[in-house]
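Letters are used for the chains, namely A, B, C, D, E and F, taken in the order the chains are written, and counting of residues starts over at 1 for each.
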Amino acid sequence: MKKLEIIIESVERRKVCRLLEELNVNGYTIINDVSGKGRQVTRNDSELSDIMKNSLIIVVESEEVINKIIDVLKKEVLNYYSGKLFVSDINMIV
Amino acid sequence: MKKLEIIIESVERRKVCRLLEELNVNGYTIINDVSGKGRQVTRNDSELSDIMKNSLIIVVESEEVINKIIDVLKKEVLNYYSGKLFVSDINMIV
Amino acid sequence: MKKLEIIIESVERRKVCRLLEELNVNGYTIINDVSGKGRQVTRNDSELSDIMKNSLIIVVESEEVINKIIDVLKKEVLNYYSGKLFVSDINMIV
Amino acid sequence: MTEFISNAVQNLTTPMILFFVLGFISTILKSDIEIPQAISKILAIYFMIAIGFKGGVEISKTGISSGLYDSILSSILIGIITPLIAFLILKYIGKLDNVNCAAISAHYGSVSVVTFVTAISFLNGKSIEYHGYMVGMMALMESPAIFVSILLVRVFGSQKISALKSNYVDLLKESLFNSSVVLLFGSLIIGIVVGEIGMTTVKPFLVDPFNGVLTLFLLDMGMIAGQRINEFKKVGLFLGFFALIMPIINAIGSIILCGLMKFSIGDTLLFSVLAASSSYIAAPAAVRIALPQANPAYYITMSLAITFPFNIMFGIPLYYSIIIFLG
Amino acid sequence: MTEFISNAVQNLTTPMILFFVLGFISTILKSDIEIPQAISKILAIYFMIAIGFKGGVEISKTGISSGLYDSILSSILIGIITPLIAFLILKYIGKLDNVNCAAISAHYGSVSVVTFVTAISFLNGKSIEYHGYMVGMMALMESPAIFVSILLVRVFGSQKISALKSNYVDLLKESLFNSSVVLLFGSLIIGIVVGEIGMTTVKPFLVDPFNGVLTLFLLDMGMIAGQRINEFKKVGLFLGFFALIMPIINAIGSIILCGLMKFSIGDTLLFSVLAASSSYIAAPAAVRIALPQANPAYYITMSLAITFPFNIMFGIPLYYSIIIFLG
Amino acid sequence: MTEFISNAVQNLTTPMILFFVLGFISTILKSDIEIPQAISKILAIYFMIAIGFKGGVEISKTGISSGLYDSILSSILIGIITPLIAFLILKYIGKLDNVNCAAISAHYGSVSVVTFVTAISFLNGKSIEYHGYMVGMMALMESPAIFVSILLVRVFGSQKISALKSNYVDLLKESLFNSSVVLLFGSLIIGIVVGEIGMTTVKPFLVDPFNGVLTLFLLDMGMIAGQRINEFKKVGLFLGFFALIMPIINAIGSIILCGLMKFSIGDTLLFSVLAASSSYIAAPAAVRIALPQANPAYYITMSLAITFPFNIMFGIPLYYSIIIFLG
């Protein structure tokens, strides 16, 4: 199994979840309100509008599904919004 | 070393920590209030009672200890409550 | 690529970020307010001063950079403060 | 009937209830209003302190009336009988499995603090008196139903349950020193100790803004209830119906009991509202631990999305009309 | 001129504005004051409920005056024209690309609730009357500018944009049932329904502490604005200048429009402040979704760190002086 | 003695202190009451704004009295001498290592805002006057002890410390523009500027609910203190005893100093409470950065779980009785 970690602007969280559900993933876990720094601006959670916050979404799935997710996210989300995708090996026990 | 990620209903967090301490693990880290979606319902943190929230607990330990933890959690917690266990390779530097 | 997970007392978060920026890392992600238990005391977020809380900082970088970060953190932060460093393999897709 | 309609209309046009409706509608419209959970939690604590303290100060003024012992008796009776009735209806009419029967019964036997608070606001609006110790009665009625329900599951025999014994320790702690029990009794006692002099120092915080804060809290509750309504399908018709009828049965039963006890109109209304109300904070947490096999989608949705809105919008004026009608 | 100075000084020595300044300075001093985000969010909700409700109660007292239709017309006009002017200035004077032009225009065409609230506090301080329905006008003016701006981008042709169609569904929902629109209109209607009787029950929460709570909220806003000021470099001189001039242009335009409509001084001030204000909650969220290619560092910094402080500190007394001067 | 007992009983039966006790007990009963941290933080900010502002308005009314310079002198004296005494006691009687001596001294030399607020509530209950600038004195006394303690560590020679120089920059910033220093001084100045007119606009928020909000905050403090009490074992008998005696020594010293300065009863009580109080927000954060080798279990537990409860429950009436007794 593979673990995909998606770091995305909070404004796009709903959309990413919708895309994941359309791809019929088994599940996902969200950590809201993470802050961070990347190529672009520093993101932290003191903003009133949510546009300067990040969310971290974790999906554990088979390699095949993960690749599909990556394709979709690259096309639909990450071309305009800042964000990162990390993939690593993992075992799902339960 | 192995890293065990435990995603569990928040109501069971205290119990899981108690079990981990009974197993004498070196340490653990908890991220409260994660939301998520699995086989069962969508869990998010807008509920007044905590029963619809998840917690993410991270334990880094030797493979042996991790296996013991998995056995105990499977028996004591995960047969009734929804939750996930993920294991991956990791190095503990400090 | 390597993923470095830094668990550190919240009082030292700013300093760790400053050090990371001095090392010119490409980016990092912070999860504030994680709780945990290690060799020392239980840390949770009910304290008024922030000294009993942890932060989790994630850096994905090349092995070389990660090793540099580890050296610096060991020297500048972890000799006095409690904290953990975990390293694992990861692929950065985007 | 016209009595009820006029009471209901009057109730439905208070800011409190209308903000509840606004919250409910806004969620259905998928509006992005977001009341942070930290606020929901502190408001819940505020109400428990405020009503506990106020009740205590009332007691310090009037002393303990003879009605207290009858009230304690009634509380315990209601706390034991209502989950029993619920269980039997669910099991023999609803044909539900034991565990879900017990889980739901625990909720309908326990009480809802916010429903009680709304009823007090209703009584204040009509300038009807009630005893300060009624808050204590609410605290008394929180936990018995939970234990009764668990007992029922065991009596009706389910072998799996016995495996969970380690959970009973957690449960007992959770129920006895449950946050609402401790806050309600604690504030009640503080109110008794400090009396009216103490009241003057905290009145601008605990009394004056009470209704206004309730407005905000009910907006939040409306949103939480509205989110649950999507799960209605999972609940099904029988349970949906149960969530409307059970409160009325419990209320009428209590009104009759209170009539026998010769309680005042105010106290009778509060007892009937307590009986009719179903818990959605204390009971879900306890039941999730004690009866993990039960389906949370049932009990939370029924309690939060059907019974609670019904009670605060129509139940309170209905029970009031029945009390007036019966005498 | 002396009129303006005396008004400005008077405005700058209210606790509200001084706490804003304190927040601003404390951030520059890198002080570690931290107002949790849960608090910022609930305060924002509090103000929308409070002004919506108060406006509704006013309407219930005075009835709907004939000025209402003119006011609605003015709101829509301002909501359509101001983003247009902003867009043209940015494109032809500022030479910005279409997408950033549209993004910024959306902000200056939309409105800021806190600026409005501060203006109301200013009017209260001077005991100047205004219509209850002005809150509704604010709610009306939230969204049109956002749609106008997106239309402008399409009219001025940018092929990439069309790819994002799935986002438009999100956007429409976001704008129509936007939390501020729902809360403002909802509270307004509740205020109309419950009238003065309802007001008495919630006054100690929604009215009495209003200015005090505003003090705390502006402390927070000061800190948020102060954090943004570091990004000033990225904004550049032209846009920094634009963020000061555009509000004045919009205000004067609205004052003239209101003069033609023969609105009262209070309503005219509120219209001019709404026109002058730029959104930093609703618009950024909508624009980030609809126009992701636009640079958030521009629009947020301009709106939050330049225009907002300018408006509440100098803008409001300036527009007021202009209104008095023009008659 | 009877004087003290009657004062103590009177103090112990205020709602504020009783809610503190309730919080403490509820934690020991392992009740699941949870006051979100966002609320604790905003309440702490509220109190600093409220007392700072009120102090400023008082100053604007009475002008700066001649006592001010003596008060500033006293503040600085107390801020320098009390950590010194604490250090010497800990080192030569307690035989503690230098770093822990300094860490603990920093806490007992610094001050606790909530203890001060409780003392003000105590004085208000007795209608005893005090100067508005006393809030400023508290702000002055926050930081010196921290620097004195670090100096002591260096004087008593510990080579490892010098390695941490990069931390001193952080520390200086942290101390000078510390959130409480900025909020207290900031609000004080705002209060002076806006005077009584400004006060009327914010009174229903910053003054009227003050005691009530304190009730909620002390409930929370009680819970936080209760959680710490488990760590009591780690502190040991000597340090536990120190945490009770040191406040009394500091209070009596200050009372004598204030006697020489001929300060009023109100000011003397506040000075003695400030000297007796130990910091548990500002100092821990600063000390954790400046003296990371010191054991936090010592200083936090002593300050929060022993000295704070002692001061608000028994210390304040005790120091008051001593002042009355001594004249």
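Quick notes
Everything that follows uses one rule, which is that a residue touches a chain if its C-beta (ideal position, glycine included) is under 8 Å from a C-beta of that chain, and two chains touch if they have at least 3 such contacts.
All values reported here derive from a predicted model rather than from experimental measurement.
Common neighbours of subunit E and subunit F under the contact definition above: D. Seen as a C-alpha superposition, subunit D sits on subunit F after a turn of 120°, to the nearest 5. At the far end from subunit A, in terms of centres built from Cα atoms, lies F. With centres set at the average Cα position, the gap from subunit A to subunit D is 40 Å.
Note: centroid distance subunit A to subunit F, computed from Cα atoms, is 46 Å.
With each centre defined as the average position of its C-alpha atoms, the distance from subunit A to subunit B rounds to 21 Å.
The residues of subunit D that reach two or more other chains are 36-38, 41, 204, 209, listed in rising order.
Across the assembly, subunit A contributes residues 31, 45, 88-89 that each touch 2 or more other chains.
Pairwise, the chains that touch each other are A-B, A-C, A-E, B-C, B-D, C-F, D-E, D-F, E-F.
Against subunit A, the residues of subunit B that register as touching in their complex are 7, 31, 33-39, 54, 56, 70, 74, 78, 83-89.
Only residues 9, 11-12, 14-15, 41, 45-52, 76, 80-81 of subunit A touch subunit E when the two sit together in their complex. For subunit F in complex with subunit D, the touching residues are 13-16, 18-19, 22, 25-26, 29-39, 125, 204, 208-209, 211-213, 215-216, 219.
Those residues of subunit F that touch subunit E in the shared complex are 36-38, 41-42, 45-46, 49, 53, 173-174, 177-179, 182-183, 186-187, 190, 193-194, 198, 201-206, 209. Residue ranges of subunit A in contact with subunit B, taken from their complex: 3, 17, 21, 26-32, 60, 88-94.
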